[in-house]
Structure formats: structure tokens, C-alpha cells
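Structures given as C-alpha cells follow.
Both of the next two complexes hold chain A, though its partner changes from chain B to chain C.
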Partner chain A sequence: MKRSFRLSMAWLHTWAGVVIGSLLFIIFWMGSLSVFDREIDRWMMPDTRFHAPETIQLDGIADDITALAPGSPQWGITLPTERAPMGRIFYQDTSGTFQRKYANLETGTFIPDQGTRAGTGFLYPFHYSLHIRWKGVGYWLVGLAALAMMALLVTGVIIHSRIFIDFFTFRPKKKLPRSTLDLHNLSGVLFLPFHFMIAFSGLVIFMNIYFPQGPNLAYGDTDVPRSEFFADIYGRYSRDKAEAPGPEDTASLDAMLAQSEAAWDDTPASFVRVWHPGDANSYFEVRRSGARTVHYPRQVFYYDLASGDIINEYSDSSPAVHTQRFLSGMHFILYDHWVLRWFYFVAGIAGCVLIATGFVYWMETRRKKHEKMGLKGVRIVHGLTIGSVTGILVATLAFFVINRLLPLNTEFLGLSRAALEIAVFYLVWVATFAHAFFRPSRAWLEQTWVIAGLSVLAFVLNGLTTGDHLFRSISEGLWAVAGMDLMLLFSAVVAALMARRLQKKQTSEPVPIKQAAAAPSPAPRVPKPEVAHG
Partner chain B sequence: MVDVLLLLGSFLASYLGFALMALTLDRHWRDITDRPKPDRQLVLRIGGYGLLVAAFAMVFVSDGPSFGALLWILGLGAAAYALAMTLAWRAEWLRPLAHVVSQSAPAGAAAASPSPRRPPRPPSGVGTPPPGARRVARPPGAPPPGKRPPQRPPAGD
Partner chain C sequence: MSALDRSVHVPDRPYMKRFFSSPAFGMVQRLVLALGGGYVLSASFVMLVGWGLAQLGMARGEAVVLSMMVGFLVFLGLILWAFAERTLVRLWVVFGGGSLVGIGLVQLVSASFAATP
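== the complex of A and B ==
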């Protein structure tokens, strides 16, 4: 009984891993990068590399925004933080489309469009939606992957019988399947609590997508269950337009902001919004930031813009909401804590190592057998693995490199600069799959070298095109830029070491003696993906 | 400043705690030193777990319960990872710790229960440098270690 249970768990672990591993690796990789999404933004948007202002000025820029967006039903600003020092303004233009603009809120000047979606606009949404918008399939795939991750972790523990004896065991000098499995077990066991919680909280964040019927059950007796539900959990408040012009002199936005922050024990606000600007019923929304707590708070003040009085106030207090916000806050990591941020990054990369080594082990243990049996599947899995492991690293680095190569305001074939960057990302990614499929025996090695090369190239290009080379970024305290450059160098070194190791393996033992009779395809294997973010 | 020290202390405590636990495992003991392994599993385990608890106490003090819990869990993983890498590539760094453990063992503890496993690996064994390259770092004040038993620890050492 016990034996068959373990065998069936092993079966589940193996096949869930092979089928969903590529997806999981992509999600973990993008998630790890998203931990530092704003730092990546600074690197990719050179005009936003400045220190967060000590004091900000909303009243001045409010007039500019009103002039920019006459008749916009609302406009808002995501306020500057240490990690994102500019105000991110949104408004609706005359056709109703949302427009975005960055501004320095200290000087009250707009920052020219940086022509990139960078970390927060591209890499981070990739993490949770895979950029598949169609019918929300992306969210469901990510949810499926999160579910699979939890199942893989549990089954992994069950089939890993020597979990305590092997707790610290890593034997890099043993043969490849063994050392790979060591690394797989190590990464899986040591970060098990974190990986489990991150997969689980990921599901909890999208509870409204995965369980859309929840509000209908709980609020079934009201007319509009969903909006009642959202009003309760997000404190959504709205007041209709008066359709009459408001007073010329409105209350000071800065004063209302300061009043809100004082009410929150000086926790900074994260977001402000003006509803119905210019109308007599115009009102001002201020949201608290999650800088100080793990749980992501939802505390909002609404002020009447004409008088400056508070007209509505929301603070999440129910235990269920608080739990959801703790779990989602833990996942979003929007709080200020550098040590934890790095821990998240390390644990995320450990997840990448976990998934990649799982793949490599699967291939190593079956490749010869399957080749003997004449199965074509192995080559496909091999190609998919390389493309989704080293391939996505190559594509990400290409994304960084092209960002530094394209001048601002470039347009090509009707594509904006931001779209061009993304096109390059996907083209390179597809190319890595093709490369892996057509050169299966060399692809690991060659792509690892490409990773090293692109990392160095991105590093050099940043210094050349922006002048913020490492010495300057460090001396001026631009830690986001310096950190990104250092990580690029680090990943170049790790990739180069890895590639040399692969090369040695390939030249020194082209055909393992034992299996000389079997298929002599000396596919090199990466024992560990590049432990670095580009 | 105090917070930084507490965070560092917490990480160090996790690392040492796991190191003590690793010393209870024959394989790692052999990676670290040729000395006979003292029969002190229980003491080492209690010490190891104690250090892990101490690690939590430190982050709890510096960062409060919710940040502390996250820091602790992630710190444990990172520390264990670091220890596994130390054991794989630089096991000799842990030799002083192993020697403290074996020397502070009650007299006869080591002799009473020689490791029932196979004898220590030959000097050229994978993962450990040749004995000539070893520099045994002894804690100050500790008596010099006797000549290391070249073979399997004899009962009367």
C-alpha cells in the first residue's frame, strides 16, 4: 500500500512537473524579477533616475493636469516613493482613453515619455497574466500553475524519502543526475514554506477571478451583489456629478493629503485621485500605502473638494478581509524592507533552480531509454525546457539590451518604442526555442554563453548611453541602477562559469564509457540555471 | 544599527544552528573532519534548535511578529542553503566548530561510541582537500588536538 502510494505520488510529481514546469519556470522567473520591478524601471527609464523628493506639491501640478485633460471625469497620481521617485499621473483624454504621464512632483514638471513598459508594465504583468488577455486565460493558467506548484511540493516531500538525512546534501562533484537531484531537493525542501505560501497567496489574490460566484452567494439578497461586495471590501465610494461648475477656489490637495497621513500615524499615502474635476460635487480620494505593514491595507479618505471636509472614510477591519490582505500583501511585497526584498528574490531564484533541475533530472534519467525506444517526445521536452529556461533569460536580457539601444521616440513599422521592445523580447524568445530544437546538443551551452554576453552588453550599454556607469551610480546613491548593473555583472560571471563547466564536460567526456553503446548524444546539461537576474 | 545587528545575528544563529544539526549526520561530519564523531546527537540537536529559536527571537525583537515571521522563515531557508553550499565547497570552514564540539565532549564520549559507519575516506576523497592542505583552526585556549587517528577511530583513543 505504502509503496504504491509513493509510486503514484512519484508519477504525479513527474508528469505534473514535466507538463507544467515550463509555465512554472516562466512565472517564477518573472516573479523574481518583479520583486525588483521598480529598480528595473529606473534602469530602463533613465529620466526617472533621481532621488525621491522630500516634499511634494500637488496643488501646482493639479492645474497642469486639469489643463492637460479638460473634461476628464477623473485623474489620479500614484505618489512618489523611494523606489519610484516620480509621480505617476493618469487621466482620460477627450476620447475617454486613459493616458499616463510621469512628473517630478517636487518641481512640478512632466517627464518625457520613456517609451518602455519596463518592469512594472511588462515583466510584472507577465508574472500574473502571461500577457494572455483573451478571456482571462492567462490568469487561469497562472492559477493552474500555482495549484500544480502546491501539488508538486507536497508530492515532492512524499517521494523524497530521505528528506532529513539529505537535508543539507549537495554533491556537485558527483555525476550529473545525482548532483542535479541534490540541488533539486535542497531548493525544494529549504524554501518549501515560502514556495508553498507564495503559490497559495497567489491564488488568494485572484480569488475574485477564480471564485467569481463568491459575492453572489454572500450578497445574494442585494440588487447588485458584486458592487456591494466591492464596496465592502475595498471601501468603494462614489458621488454623482452635480453637473454644475464648482467653486473657483477649492481646498488644498496638499493640506488634505497631509491631514490623511497624520491620521495614519504618518504612514505615507500611496495614491490620490480627483473625481469630477471642476464640478460642484468634485471630491478627492487619498489611499494609505502599505509601506509599513506586511498586510496591504485598504484605508481611504474621501474629501469634498470644495470645502475640504471628510465625506467618507474606509478602513478594513473585518478578519476575513484582513487575512486576505495579509496574504496578498505578503505576496505583493509593497512594503519597505530591503532585507526581505532580497530574501524574496533569493527564494524566487531558488524556485527557478528547483524547477530547472527537476527538468534536467527528468531528461537525464530518461533520455537514453527513450531514444532507444525511438520516442520523439524527449526532443520536444528538451527543446521546450531549454527555450523556457535559458531561453527566457536570453529574451529578458535582450529586452534590457534593446531598451538601451533604441533612441527615445523611435517608431518602426507603426510600432511604438515600447511595443518594439516587447516585439524583440518575443522574437528572441521564439528564436531560442528554434535554436534549442535544431541544435539540441549545443543549445544549453550556446545559450548560456549568450546570457553571459548579453549581460555584459546590457551593463556596458547602460554606462555608454546614460552616463550612469557603476562608479557614478554608486557615488550618487542611485542604488536601483547600481544594483541592476551589479546583478548584470553577477549573472554574466555565473553564466560564464556555468558555460565553462558545460564546455569541459562536453569536451572531456563526449561519450560516457558506460553508455557508449547507447545513443551517443552528448547533450550538455546545466546543473543549475543562472542564479541571477538580468 | 541595533536592528541590523539583530538581523545579522539572526542569520548567523540560523546558520550555526543548522551547522550543529549537520554535525549530527555522519556524512557531513566526515566531510568536515577526520576526528571521531562524538556521540552527542541530542546535545547538538537541542543546541541547533535552540539557535533557530534564538534566531526567531532576534527578528521578532527587531521587526515585530509579522515581518519577523517572514524574515525568520526566509532566513532559515537562506541559511540552510548557505550551509549546504559551505558543506559542498568549503567544508573545512566548519572544522573549528566540529573540533569545539568534539573537544567539549565529556571524556570518553568519543571513544565510547566510535562511528559505526565505514572508516574515513582516503585523503584524496572527493570534496575534501588533501590533509596536508588543512589548517586546523583551534579555538583559543583549547588543548592541542592529539595526533589524528589515521584510520577508523580505535576504541582506546
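== the complex of A and C ==
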């Protein structure tokens, strides 16, 4: 397109980055948080801060659930794990809508509604759907961003001549654009394989959304190609209702669960479900968890509830499907591995740094030129960038803070507590965009200070409102809560250091970038040699 | 920006004509061809290769999953090429013409199912 292949790729790298960068940052930020979504849940749902039970009782609570929803077509439980110690129950009520409840499966008691969608219900779906449900637009935007991320990584490598040297190059004391570019290259090169894997596997997870027409020819001789395809790769079993009452004494759910887990070499099950409870044709579904394998398995047993006999089983074993599950599993990271979990988090945050520094570099190197040209759009791009980088951090922290401030069962303007938390998230986010637009020269600095302040506030509020302050959470081994509190403190320190640094560079008025870098502190300094030829 | 410079230097040409001969319009074409044409091409690839592998004896669930995963990489390659290729005509031939050929082949294969019930 341009004079040379490399110039063309540089052009694509710049503009794909500028156009998609905001979206990518949001996805990477929410994805990084999703690595610890269940830990965030524990922090935001104080009644679920307990240790995972050694043994669970399904038979006892089954009667309670059936009593909650007589005539329900199905109910199921996501079983407790070390990271999420409560059973997550869902059932369809008589009107057909799905209801959710948490329970302690050791004692068989329900846990009161915690009034929050927290990490797994809000932050994680944000990562893959942006909460835009209309016609699946959110999924497609995320897919476009993933594709752009891969294109950015490939073009980034192509336009890069010194990829090995950049492994070891970071010059924080240099002028802002130079040190920003160093950081961009460092985070980009160091985590290149991870970032490519995570973008590609993200697409592969949703392959049926992005290529819905895929099976149409291979399954062209069937009536509904898509459902035949799904039956092949996910397994399919269903049995209709008999419309006659089942026996009083059904087989033990706990026994069938134990039998399934024994068949999987003692790998725990992740999910159980009762179909047509109370009917003569009622049956019980048990799914294997991915706790022990990278590969996200699809292995299911179906039992006849009256007799306890296995009536169907599915296990994926073919190579291409297994590869798809392996790639999905690498992305989902549902397996138990704390070291890798932290690596994912660090690599995700490195992705955020990569994207943000790319943005800052683009803006700072062009600011003077743009000002001279009198382009109105620059201020908008600037505002959008700040709002989608520091702004979403501020909004996320506000989400944590409001979670610790609202009493349980709060309702306001007809909004439930969970909806109020989300409303605060969006209101604060919009406010950060407005702030960035109206105070362009100070917005980075001020929002960075707000991040530091809100982090400390969230930390303090957790101690005050739940009593699980750092000393108690550590001494009682509540690592999810302790980890979240420590991360809040850590981000407060990092944000404060960043703000101090920005403050030194910035005077009250926007200065052309070269002068600002030459006079980082009010004290007169001997100009360094690199300023002279910068 | 060369786009801006050029439009400043020829102020008397009518706006529409200026737009159609501008690099900006070239970029619009390139983007639409890369994303739209690229998607049609890769979706055709997924369908045809999935079908073809199944014809060669692969389990058809396997064939479709494999072609879907490779399809994303094909799409990526097409996008990168769309921004590397200098002449727009070649892009039109590959993305525009290729899409038509892809859709035609897909129709042809599905027509064979309708013929043999």
C-alpha cells in the first residue's frame, strides 16, 4: 500500500491501534480481572467468605429446591470449589424464568442474596460481551478487537527491527515519548506469545458465533446442520417427560455424583442437574470439571433418577475437538494452578500497559503537530483515550467502593442493589470521559490520584464493613479477601507513584512535549545531551 | 497527512469528485474489502474445507471444527495482505471476485444436497 511492505504494516499498526485501542484496553482490563473473578466475588459477597466444604450433601438440599419451585422443568447446581465455596443453584420457576440462589452445601442452608453481580456476573461478561446484548453486537465487537490484536502483534513484529535488543531496553529517565515507546516494546515483546495465544483462543472459544454457517455444507444433508454438528461435538441427550409422577424414593444424588467422580479418576464434577424433577422420566446429569487439565473437558453422565442406572454418557476424544477444548481451556484458565493464574494476571496487565503506552506514544508524538493544524478531533481522541484507560480503572474501583457502602436489600428508584452498583459503575465511567474532555491537560494526573484514593478507600471499607481486615483475613486463611485487599493497596501505591511522576513533568498549562521533558523539575538543571538533539 | 494536503491544494474541484479520487476513498475501499470481503472469503473457506475434509473421510464434526479454527488465521492473513498490496484493482479481483467464486461454490455444493434427497 505504501512505498514498502514495512511502511504499509507501520501504517496498519498505527491506525488499527488508534481506532481499536480503547476497546482493546477495556477487554484486556476486564479479562485481567476475570482471571481472579471468583476472588473478587468473595470480596464483594461477604457471606460467601468461608472455606470450601470437605464433603457436600446434595440429597438434603434437593428437597428444598424442589419445594422452592414445584413443577420446575429443571434445576442444577454448580458445585463448590476451593475458589467458590458455595453451591450456585439455578432453577426455572413456573413462569419459565431462571432464578439463582447460593447455598452452603455442607450444612444444606441457603445464603441470603448478596445483591451484587460482582466478578463472575458483571466484570467477566463485560470481558467477552461488553454487556451489549442487542443482536450479539458485543460479541462481534470483541471478535473484531481480537482479530485487530493479532494483526497488531504481527505488524508490530514486522515493523520492529531490533526485537532482541528491546527485550532488555527500558529507559524510564528519557523523554516521555522515548520511555513510553520502550515500555510499549518491552511489554509487547516479552508477552508476545501469550498475547497472541489469548487473542486467538478467544476467537476459537466463540467459533460458533463468528462462523455460524460453518457446518452448513459438511452437514448439508441433514435438516438442521447446526444442531447435528453440536450433537457431534458437544454430545446431546434428552428424554421427554412421562407426565406421570415418579417414585417416592429416588436414587441418591450423592451416590451418583460419587460414582461419576470415581469413573473420572477422582476428578471432581463441576455441575449437576435434575431434569423433570418429580416426573417418572426424571434424570440426573453430572459434568466433569476442568480442575486437573488445561483442556476444558466435555464429559457427561446421565442417570435415570428412579433406578440410578447410567442411561447415556459423552466424552470428547477426537483430536480437532480436543484441540479446540485445549485452546478454550488455556483461555478460560479454570484449572487449579496458582502460579499460572498469577502469570495470566501479570500478562493481562502487561497487555493493558502495552495498549495504553501505544496510545500515549501516538498522542504525545503528534500533539504539537495537531495543535498547529488546529484539529478539533484531537481533543475528542484525547478524551476518549483517558476515559477508556484511567476512566475504566476509576469506574471499576467505584464499583468496589459502592459494593461496600450499600447495605444489603437496598433499593432505590426501583433498582435492585445489584443494578445500583452497575449504575454507579457506568455513571462514574461517563463522568471520567466528561472530565477528560473538559480538563484535557490535567485529566491524566487527576484521575490517577482518584485511582490511588479509591483503592485505599475500598481497602479501608472492606475492613470496616465486614471486619475481615488484612490481619484477620490472613490469619484465617481467607486468601481471596487478603489477596484482593493487598492488590488494592498495591494499585494505590503504583497509582500514587505514577501521579507523582506525572506531576513533576506537568506544569499548570499544557507545554509542548519537548520543553516539558527538558524541565522535569522546577530546580534549574544542566541540560542532558539527549535533549539537545531530541 | 497527504490526504489533507491534496484536498487543500485543489479547492475548486467539486466535493464528490474530489472524494472519489482521494486517498481517503481508496482507504474506505481497502477497509470494506479487507473486512467484508475477507469475512466472506474466510467463511466460504470454512464451509468448503469443512465439507471437503468430510468428503475425504474425516469425521465431519472434526472437519468443521478444524476448518473453523484455521478460518480465523486465514482471515488474519487476508487482512494483513489487504493493507500490504499496493494496487486496489488486485484487491478488487481477489476479495470481490474471490467472494463471488466462494459464494458460487457454496451454492453449487448445497444445490447438490437439494438434488439428492
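Simple rule for what comes next: the second predicted complex is superposed on the first by the 503 of 534 C-alpha atoms of A that agree within 3 Å, B and C clash if a C-alpha of one lies under 4 Å from a C-alpha of the other, contacts with A are read in each partner's own complex, and residues count from 1 in each chain.
Please note the rule applied: a contact is a pair of C-beta atoms (placed from the backbone, for glycine too) under 8 Å apart; a residue touches a chain by one contact, two chains touch by 3 or more.
As the structure is a prediction and not an experimental result, all values here were calculated from the model.
K.L.:
Overlaying on chain A: chain B and chain C, fit or clash?
P.N.:
fit
K.L.:
After lining up the shared chain so the two structures overlap, which partner does A:H337 touch, if you call chain B first and chain C second: first, second, both or neither?
P.N.:
first
K.L.:
Is A:A255 touching anything from chain B or chain C once the two structures are fitted on A? First, second, both or neither.
P.N.:
After superposing on A, A:A255 lies clear of both chain B and chain C.
K.L.:
So which one touches more of the residues on chain A, chain B or chain C?
P.N.:
Residues of chain A touched, chain B against chain C: more for C.
K.L.:
Which of the two partners, first being chain B and second being chain C, lies in contact with A:F191: first, second, both, or neither?
P.N.:
Touch partner of A:F191: chain B, not chain C.
K.L.:
Look at A:A347 in the shared chain and tell me whether it touches chain B only, chain C only, both, or neither; answer first, second, both or neither.
P.N.:
First partner only, chain B.
K.L.:
Under the stated touch criterion, which partner chain does A:V204 make contact with: chain B (first), chain C (second), both, or neither?
P.N.:
Second partner only, chain C.
K.L.:
Can A:P215 be said to touch chain B (first), chain C (second), both, or neither?
P.N.:
second
K.L.:
After the superposition on A, what does A:A242 contact: first (chain B), second (chain C), both or neither?
P.N.:
Neither: A:A242 stays clear of chain B and chain C.
K.L.:
Have a look at where A:L415 lands relative to chain B and chain C in the superposition and call it first, second, both or neither.
P.N.:
Neither: A:L415 stays clear of chain B and chain C.
K.L.:
Once both structures sit on top of one another, what is the angle chain B-chain A-chain C taken between CA centres, to the nearest 10 degrees?
P.N.:
90
K.L.:
Could you tell me if A:L147 is touching chain B, chain C, both of them or neither one (first, second, both, neither)?
P.N.:
Once the two structures are laid over each other on A, A:L147 reaches chain C alone.
K.L.:
For the superposed model, what is the least distance in angstrom between any CA atom of chain B and any CA atom of chain C?
P.N.:
Here the least C-alpha separation of chain B and chain C stands at 19 Å.
K.L.:
Please report the chain A residues shared by its interface with chain B and its interface with chain C.
P.N.:
none
K.L.:
Give the list of chain C residues in touch with chain A in this complex.
P.N.:
Chain C reaches chain A through residues 4, 30, 42-43, 46-48, 50-51, 53-54, 59-69, 71-73, 75-76, 79-80, 83-86, 106, 109-110, 113, 116.
K.L.:
Report the residues of chain A in contact with chain C in the complex, numbered from low to high.
P.N.:
Listed in rising order, the residues of chain A that touch chain C are 1-2, 5, 8-9, 11-12, 147, 150-151, 154-155, 200, 203-204, 207-208, 210-211, 213-221, 229, 232-233, 318-321, 323-324, 327, 373.
K.L.:
Within their complex, state which residues of chain B touch chain A.
P.N.:
By the definition above, chain B touches chain A via 7, 18, 21-22, 25, 27-28, 63, 66-67, 70-71, 73-78, 80-81, 83-85, 87-89, 126-127.
K.L.:
Along chain A, where are the residues that touch chain B in the complex?
P.N.:
Within the complex, chain A contacts chain B at residues 165, 167-174, 186-187, 190-191, 193-194, 293-295, 326, 330, 335, 337, 339-340, 343-344, 346-347, 350.
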